[in-house]
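In what comes next, chain A is part of two complexes: it sits with chain B in the first one and with chain C in the second one.
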Partner chain A sequence: MRRIYTNHALCSGCRACSVACAIAHGGTAGHAGGAIQIVRDPRWGFEYQAVCRMCEDPECVAACMAAALSRDPETGRVVLDRERCVGCWMCMMVCPHRGIHPDGQAHKAILCDQCADRDVPACVKACATHAIAVVEEDEVSRETVRPAG
Partner chain B sequence: MSSSIGVMRSRVGSVDLSTGEIRYEDTPPDVVRSYLGGRGLNVAYLHRRLRAGVDPLSPENLLIIGAGALTGTGCPNSSRFNVTTKSPESNILGDANCGGFFGPQLRYSGIDRLIVSGRAAHPVVLLVSGGTVRIADGRTYWGMDVGTVQAALIRDFGPEVESICIGPAGEKLVRFACIMTGVKNAAARGGMGAVMGSKNVKAIVATGGGGLEIADGDGFLDLSAELTDYLIDSSIIKVLGRVGTPLLYEVSNHLGAIRTRNSQDSSFENTLDAEVIHEHVTKMIACHSCVVHCRHRHAEHGEGPEYTTIGLLGANLGIGDTVNVIRLNDLVNRLGLDVSSTGGILSWAMELYQRGIIDDGLTGEPLRFGDYDLTVRLIKSIARREGFGDVLAESSQAADALGDPERKYLMAIKGLPQSDPHDCRYIKAFALGIATASRGADHLRSRPTLEVFNLPPDLLREIYGTDVDHDPTSYKTKEIVVATHENIYAVIDAVGICKFVCHGFNSPRLLKYEHFAQLLEKAFGVRYSVEELKELGERIVDLERVFINREGVRRPDDTLPWRYFEEPLPHGVAKGHRIEREKFLAMLDRYYRLRRWNADGVVPEERVAELVAPWGAREGSPA
Partner chain C sequence: MPDTIHTRYAIVGAGTAGIAAAEALRETDPAGDVVMIHGESVPPYCRPLIVELLMGERAADQILIREPEWFAERQVTLLSGAPVVNLAPREKHLTLASGRTIAWEKLLIATGAQPATPPIAGLTDVPMLTLSTQEDVARFRPHCRPGARALLVGIGLLGLQAMTALKALGVRVIAVEARSKILPMILDVRAAAIAQRRLEENDIEVHVGTKLTSVGRAAGGAAGCVARTGGGKELGFDFLVLTTGMRPNLALLDGTGIASERGVVVTENMETNAEGVYAAGDVTQFHNWIEERAEVHAHWVNAYRQGRIAGTHMAGGQAEPYRPSYLNSLRLFGLPIVTMGASRIDDPQGAQVHIAGSEVRPAYTRLVVRHGELIAATFVNDVTRAGVFQYLMRQRIQVGDAAASLLAQDRAGMEFLHKIHAEAISGDVEWPASMDLIDRYRKDHGHTRWGTDKKTEKSEA
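Now for the complex of A and B:
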């Protein structure tokens, strides 16, 4: 089982992760196309990575009226079927982690697929401060591993 | 052209604020090929579309905002854009390079370059989205300081917008008002903010979720990751990421070359050392896709101060209190003033008062170095153009009013106060670089920092392609050093990458021509050889020279402040050093020959013809 962990204290707010994700998934550089987003406000002085935490009991799946979202119990991944997504944004409203994002141009949600087809997720590879980490585990124990941030 | 196999998008939006007309076009492919983007394409447009002799604050002047060729692609440190205009401070080329997040967002909004002309009837805001530009009412924002207007724009246009804006100083046409983006990023030099204010533009807002098509996505990501790993392993990148530019303060101070009290002295207090500044830092943060994160967020919710601020608002004004310098940094950022010129003009006035050349009759109160409260009052009065501040707001053009018509005590070249806090009497290549820089006294055009490293001869040969003198105090071969750095910096500014990760600025081992060529090929499928990129750098430097030649710049303008020739440095390693005039002039001659300019520093006609040839024969230049 693959897990992506983020550490907001190490995040410099540069958005390289978002842009790399957008290139890896759509061939287009532009942070809005990334499944990982940097939420930042330089005036209030914060920046953090907002990406799907692959909840065991995901609110987004329960809220999706188009049945576009589901959870694969084998991989532990929450999966988005973009064909079925109608862009109602209910998933975004219920997600407590800001982990799912709007693709304003296609009017569909964007969800992290953990770069299942890549050795290292694009965001992890692009992060210069090592603020994003990928961990491959057969079984993730909630008792011992807590996502940072 | 023959070796180009791909296409770099170069979409231009031209806005005439007098008529409200907005036109869109793609830059002709040959012009993109020859000038790339950023600083290069900006000067290509400025030279082509602006006739000579225009008043910089008139509607006729152009304000050009252009992203670099790689800006927004996500490769290391690809955040930069340039603002280019005719400067109201120097009356020659005004060109400022800026980081932050606006440059990438401008491209994601579908426009690579904005060319703004005319003057709006009332304050406006320009909105860029989905490849179009819209002119919106900006009256409610007029009068706001930088932080307030940025917050208001986010409130009105959404949390994801990126903007550039002017503060009160730009509205009041202060000749060294800057354009701000984010808390502290500035297109600072040359009075960009005054030009924007003269056009009644309070802000330019970019929004929307588009992007740039990448030709070889996986190849580009692999290359970017490889370069990132290489860069973050570098010791200079590590230290810049830990404490930022203030580390340079100690280097200059140790040498006895930190500009102090208007360069009357060259050594100052250690209360402005990087580690002391760092006690006030809460986090180091980054510009778009930056691997360095050299920006300090400090405890009072501002960002900075940079080395330039510490130098010019600290040592240069005799202010050593760390917190006070941080507060001055925040004040100029909120008002939208260029920190370099603010410090340079204030210290000039303070020395003139010290010498009895001006008195309370003009200034209204005593001007003393080291007086923080006075400095705050003066900065505010400059931004509002009140009282004596109205005189200082004219920058170098206040020379007559200040009783120093020859600008003997002003540390400026071509009317632009010197930006680098480093005194140029010790390192001779620094001196030649600021004397010949196309926008006036400016270290970012050529700053050959490698001079202080005492590099071995074989490495110097590798860098410069020939033998150069390793001694920083020698005049020999320094024209080669300056020209080499000028050429690559021009390319760096055209691709839109930050100089901190590039060859020559802080290290000989960072990104250079071959890396830019690889990135351009993976990103857009365009091919450049190293030699072609070198030529492109020379082309930009030459065209900028053509532009300032057209505005009247000749050999006598490529000089240094009086003090650099006449007064030796008083302290440290650099003690006793000054610039010897004859040796400087001989070095300047050699520099012109290397550049193939004539003895008066003018680019020959046949070269000018080559430089404008990419536009084709259809239309002549407006000049």
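Now for the complex of A and C:
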């Protein structure tokens, strides 16, 4: 099982991850279309990466009134079926981690898919400060981290 | 032909509470028989999405709560179009309208709620609609001609959904609310004013503080109908839509000895007072710790969470006790609003109110803190961070002085949140130790802080 870790102390707030995510998922080159978003306080320059933590007991699944969100116990991945999503933002109302984001254009939610079909997730690849890491579960114990880029 | 089915688990209701219960009990007990009973004849569906159905945005087969395979994979026997007419908790069986009986060992009552009917004279003399089932949607259809006038009674969540659909269908909407503000159960006056403006900008005729006393056909053979208000006003309309709220479906409980007041009385494990009988979802009432009273909080998230807890206990598993969160997510013609807790109370006693607004666009955020705990939050327009506050409220985390920082999203507020996150999901946010090698890029926030500290020192000196 894959995990994406973020480190706010390394994040420079440049949003390259959001843009890379948006592009990788067929969107436009704007940060708003990314499943990873940067939350920041512009005055103090404090920022962190808000991305889905793939909760074991996900609140968003409980909240989704269109049955668009579900958790696959095999991969441990929380999956969003965009076809079913009605853009009610109930998931955003409950996610304690700011892990799910609004797609204002399509009026649907955006959720990290961990780039399941890619070797290295787009955000990990894009981050210049190595503030995002991807770890495969069987590697977690050994703590070998796939280098970015 | 009357016969008897024997099952380990019977679930009455295939709404989100019933589905969540089946899902959870299967995780604990992979084998015990499950029979799920759905009173309506169409396959179980996502109730809120009937609004999409009415608008024509989605077809009936696109709002299914689960695909047919879901039931097959979990070996859940679904009986649709099978209203239950009698519950016998002592004998541990129930009877369907068809005469069939089902003998069960554990029972879940998840029958949901139905629209309330306000005391207005003449309701049966005019075309009157409610919106809670697919059948209701079919009844709406012939009335929804462009230009027709709908008189909508009750501007709450349900009313808002109904008017959104009616408006999209070209129907003219006249909406009345008995209380002095719209969405009176969830918005404070300032948020309600923003919301009302939004409705009016979208050509909804809004009358607050307006109670209908009677309705009837227009006099002298004129087309349409007329409603009279307590204040002596007359409002013309073609059909009436009742959206004054929902009432738990308690009819089945009569004479069973299962305790109910406004809803079925349940423990935090979703047990009723009858042995082996559980209840979950809109049919239940629960103790509201903020306002210290029993309350029916008809809401999807509550129904799902309660269903999971009930299902786990029915199968003999262990679940965290139920903690309610009073949540609402609404959209007023594109304007998103999220509220939680006692957000409707304008001047909460013994509490501090923190407000942030915007002059340039309709944005408004309000937090209410009592004894250091968050008891209400309202987000107009900026809803994406609402979930964090939901968590703080439900877990009753001491926010104390951080409230103002949280609202301002300043550094102190962010660091507070980050700490809470790290505690709540420790392990999950743990940065892999090997990655700590890469700290040459580590940012130094210190210089900013240091610079400011110096300034403060100077000015103090």
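A few remarks follow.
Here, the second predicted complex is superposed on the first by the 134 of 149 C-alpha atoms of A that agree within 3 Å, B and C clash if a C-alpha of one lies under 4 Å from a C-alpha of the other, contacts with A are read in each partner's own complex, and residues count from 1 in each chain.
Simple rule for what comes next: contacts are C-beta pairs under 8 Å (C-beta built on N, C-alpha and C of every residue); 3 or more make two chains touch, one makes a residue touch a chain.
Keep in mind the model is a prediction, meaning the values are calculated, not measured.
In the superposition on chain A, A:129 makes contact with both chain B and chain C. By the touch criterion defined above, A:98 reaches chain C but does not reach chain B.
Once the two complexes are overlaid on the shared chain, A:69 sits clear of chain B and of chain C alike.
Of the two partner chains, chain B is the only one that A:24 touches; chain C does not reach it.
In the superposed model, C is the one of chain B and chain C that contacts more residues of chain A. In the superposition on chain A, A:35 makes contact with neither chain B nor chain C. When the two complexes are overlaid on their common chain A, residue A:115 makes contact with neither chain B nor chain C. When both complexes are overlaid on chain A, the residue A:12 reaches chain B and chain C alike.
Residues 12, 41, 43-45, 128-129 of chain A touch chain B in one complex and chain C in the other.
On the chain B side of its complex with chain A, the touching residues are 72-74, 76, 101, 104, 108, 147, 150-151, 159-160, 182-183, 208-214, 217-218, 220-221, 224-225, 228, 231-232, 282-291, 293, 297, 301, 303, 523.
Of all residues in chain C, only 16, 20, 46-49, 52, 62-66, 300-301, 304-305, 308, 325, 327, 329, 331, 336, 338, 340, 383-388, 390-391, 409-411, 413-415, 418, 421, 424-425, 428-435, 438-439, 441-443, 445, 448-449 touch chain A in the complex they form. Per the touch definition, chain A reaches chain C in the complex via residues 3, 5-12, 39, 41, 43-46, 48, 53, 55, 59, 62-63, 65-67, 84, 86, 88-98, 101-102, 128-131, 133, 135, 140, 143-145.
Of all residues in chain A, those touching chain B in their complex are 12-16, 19-20, 22-24, 26-33, 41-45, 47, 103-105, 122, 125-126, 128-129.
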